[in-house]
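Chain IDs A, B and C follow the sequence of writing; residue 1 opens each chain.
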Amino acid sequence: MNRLVLPLVIPLLTAIILLFAPRKALWQRWISFAGSIGLLAAAIALFLRIERDGIAVLQAGGWRAPFGITLVADLLAAMLVVAAGIVAVAVTATSFAGVDPKREASGYHPLLHVLFMGVCGAFLTGDLFNLYVWFEVMLVASFVLMALHRTRGQLEAAFKYVTLNLIASSVFLTALGLLYGGTGTLNLADLSTVFRGREMGAFELVLAMLFFSAFGIKAALFPLFFWLPASYHTPPAAVGAVFAGLLTKVGIYSLIRIFTLLFRDAPPGVYTLLLGQALCTMIVGLVGALAQRDFRRVLSFNLIGHLGYTSVGLALVTPAAMAGSILYILHHILVITNLYLVSGIFLRLRRTTQLAELGSMYRERPLAAALALIPVFSLAGVPPLSGFVGKVALLRATLEASAYWTSAAILVVGVLTLLSMGRLWEASFWKPAPNPEKAPLNRVILLPIAGLSAATLAITFAAEPLFTLALRAGEQLLRPEAYIEAVLYGGARR
Amino acid sequence: MELILAIAAGALYGTGFYMMLRRRLGQLIVGLGLLSNGTNLLIFTAGGLTRARAPIIAGDAQELARPYADPVPQALVLTAIVIGFGVLAFSLVLAHRVHIATGADDIEEIESGQ
Amino acid sequence: MTSLILRTGARVLMPLLLLFGVFLLLRGHNEPGGGFVGGLVVAAAYALHSFAFGVAAARRALLVSPRRLTASGLLLALGSGLLGPAGGKEFLASLWPAPEMGIGTPLLFDLGVFLVVIGVVLTMTFTLFEEL
C-alpha cells in the first residue's frame, strides 16, 4: 500500500480503537501511546522514502489530478509530518503521569488522535478544498478538547477561540469559492500552472489577501493574533502543547504553499507587506511577552513572536531564507511543545503558572530544572542550541538578500527573547518560591520532556545535514516544477 | 440571476458581521450561521449557475449529455454545509455552557466577571 | 414537555422516520439522498423520542451508545477506503461486486457516514438535553 496514506490512517484507526476500547484509563493511555508510536514510525518511513525517491503522490480513489483529491508529500511536508509524530508521542506519553479523570472519560484520547490526523492531512494534501476539510477536522477536535473543561475562564477562552477560527474558516471558504469560480480548479499543482506568468490583477490580489487573512488568523500573525494569547493559556498543559506546537504551524505551512505555488509572480508590494507583517509579528509578540506575568502567557506571546521568524522566508523568497524558516519551524515545534509540557510541571506542583507563585525549582528539583533549561535557552537562541542554529540560518539569508532591516529586527528580537526567557528562568526556577509545593510530582512527566530536549539537542548536533535538507526543501518549494510534474503527470501509482 | 444571488450573499455577509458585532452570545451565533450561509451561497453562485441536468452518464450512453451542471461547487457547498452544521451545533452547546457558567449573555459582562 | 399529543405523535412518527432515513441512505447512490441526510433523519427521530419520553428512554431505544455508533461508522468508512488497496487499487477506490444492485464500497462508505452522523448528532443532542 502507498505509504502516504499511513499518517492519516493510523491516527484514525487509533481513534476508532480508543472509542471501542474499555474506558479504563490505563487501556486508553497505552492504546493512545501505541498509536502515536505507529504514527511516528509511519512518518519516518515516509520521510526516508521521499528523501531517497523524491516527491510522492497518491491519487485518492484512483482519480487522476486535477479531477480527484491528491495527496502529495515533498520534503517539507514529510519533515513536518515527522515533527507532528514526535509531538504526538511526547504528548500521549505525558498522559501516563495522570490526566483529569473526567476529561479522560469524555474522549480526550480519541480527540487527540483526530487532531493528529487533521494536522497530518493538512500537511499532506495537494488540494485546497481538502485542506479546508482537514482544517475543520483539526478545529472541531481542538474545539472539543478546549471545551471539555467547564471552568469559567476556560469556557470563555474556548468561545473566543471558536469564534475567531470560524471567521477564519469562512474567509478561507470565500476565497475557495472565488478561486474556483475564476479558475475552475482547486488542485494546487493545477492552480500553479494556471497562475504561472499571469499578471496579478485585482482578482488575484483579492484572493491573495483573503488567503493571507484566513491563514494569518490560524497562524496568529500580526495583526490577527489576538485570539491566541486570550485562549492558549487555559487548556491543560498537554493540550496547550499540541495547539502551540502544531496548529499555528499548519497556518504557516498553508501560507508557504499558497504563496510558493499560486502567487509566485506577486508584485513586490505583496512581499513588502509579508515582510512588514513578519517584522511586526516578531516585535509585537516579544514586547507583549515582556509584559506578561504568567508562565503560559509568556509562552503564548513568544510563540507569536517566533511565528514572525517562520514567515520571514515566505517574504524574502530565496532558498536560503526558506531553509532558515523551515529549520526554525522544526526547531520551534519541538521547543514550544516542550515548554508547554514544562508548564504542566508547575500546574501539577503549584496549581498555577503565575510567575509570582513559582520558583525554587533549581534548588528543590534539579533534574526537572536541568531538563527545562534546554528548551528555555534553545528558544532564547543561546548557542549552540537549536534556536541559535535556526536564527543564524535566517540571519545569513537576510544578509544575502540585503534585507538589512530584517536582519536588525531578527537581532533585536533575539535579544528580547533572551531577556524574556532569562526573566522566565529567574522567576520560575531560580528565585525562592513564596509558598511550599502543593502536590507531589509524578516523575513520569519528565520523560517526554527529556525526550523532546534530546530531540532539540539532536537538531544542534545534526545542524549541518538538517540545514542541507532544509535547503533542498526550500529549493523544492521555490521551483515547484517537480511538484507540479509529480501531481499532474506522475501517474496514479508510485 | 447572478446579480440577485450576489446581492443576497453580500447581504448575508453584512448581516452576519453585524450580528457578530452585537456582542451578545445568541446573536453572535446567529451571525456565525448567517456568515457560513453567505459563504455557501457565494460558492454556489461563483461556480456558475446553469439550468442543466445532473452530471450522471445515462445507463445506455457512453458520454455525458450536454448541458450538465458542474458538480464540484455543489459538492463543495454540500461539504461546507455539513461542516458548518456540525460546528454551529457545537458552538450552541458551548454558548449554552458559557451561559450556565457565567449567567450572562453579554460578552462584556462575561469578560468582566472573571 | 411530555404531553399526550407529543407522545402519541412520536410513537406514530418514529417508525416512519426511521424507514425514511434508511430509504434516503439507499436512494443516495444516483439520486438526492445519502448517508448524511439519512443519518440526520434517523437522529431527528431519536431526538423526537427523547423530547417525548426523556433522554434515558431514547438511549434505551437506541440500543447502542452514540459513542459506539460513531466508532462503528468511522470503522466502516475507513474499511471501505482500505478495501481499495486490498483489491490492488488506490486508497478509497471503488469496488463494485454487484454494480447492477448498487452494492459496492461507496455504499459501505455511505453507511459509515450514516452511523457517524447518527452518533455525533445524538451525542450532542443528548448532552444538551441532559444539561437542560
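Here, contacts are C-beta pairs under 8 Å (C-beta built on N, C-alpha and C of every residue); 3 or more make two chains touch, one makes a residue touch a chain.
Computed from a predicted structure; not experimentally measured.
Asks: Classify the inter-chain contact topology: is it line, ring, star, complete, or other?
Replies: Contact map by chain: complete.
Asks: Give the chain pair that accounts for the most C-beta pairs in contact.
Replies: That would be the chain pair A-B.
Asks: Using mean C-alpha positions as chain centres, tell me how far chain A is from chain C in Å, no decimals.
Replies: For chain A versus chain C, the centre distance works out to 35 Å.
Asks: Between chain A and chain B, what distance separates the C-alpha centroids? Give it in angstrom.
Replies: Each chain reduced to its C-alpha mean, chain A and chain B end up 28 Å apart.
Asks: Averaging over Cα atoms per chain, report the distance between chain B and chain C in Å.
Replies: About 23 Å, centre to centre.
Asks: Residues of chain C that contact two or more other chains, please.
Replies: none
Asks: Two or more other chains in contact with one residue: find those residues in chain B.
Replies: Where chain B meets two or more other chains at a single residue, that happens at 86, 90, 93, 97.
Asks: Which residues of chain A touch chain C in their complex?
Replies: 1-2, 5, 9, 12-13, 15-16, 19-20, 58-62, 107, 492-493
Asks: Considering only the defined contacts, which chain A positions touch chain B in the complex?
Replies: Residues in contact with chain B: 129, 132-133, 136, 139-140, 143-144, 147, 150-153, 155-156, 158-159, 162-163, 166-167, 169-170, 173-174, 176-178, 180-182, 186.
Asks: Going by the contact rule set out above, which residues of chain B touch chain C in the complex?
Replies: Listed in rising order, the residues are 56, 82, 86, 89-90, 92-93, 96-97, 100.
Asks: Name, in rising order, each residue of chain B that touches chain A in their complex.
Replies: 20, 25, 28, 32, 35-36, 38-39, 42-48, 72-73, 76, 79-80, 83, 86-87, 90-91, 93-95, 97-98, 101-102, 110-111, 113-114
Asks: Can you list the chain C residues touching chain A in their complex?
Replies: Within the complex, chain C contacts chain A at residues 67-68, 70-71, 74-75, 78, 81-82, 84-85, 89-94.
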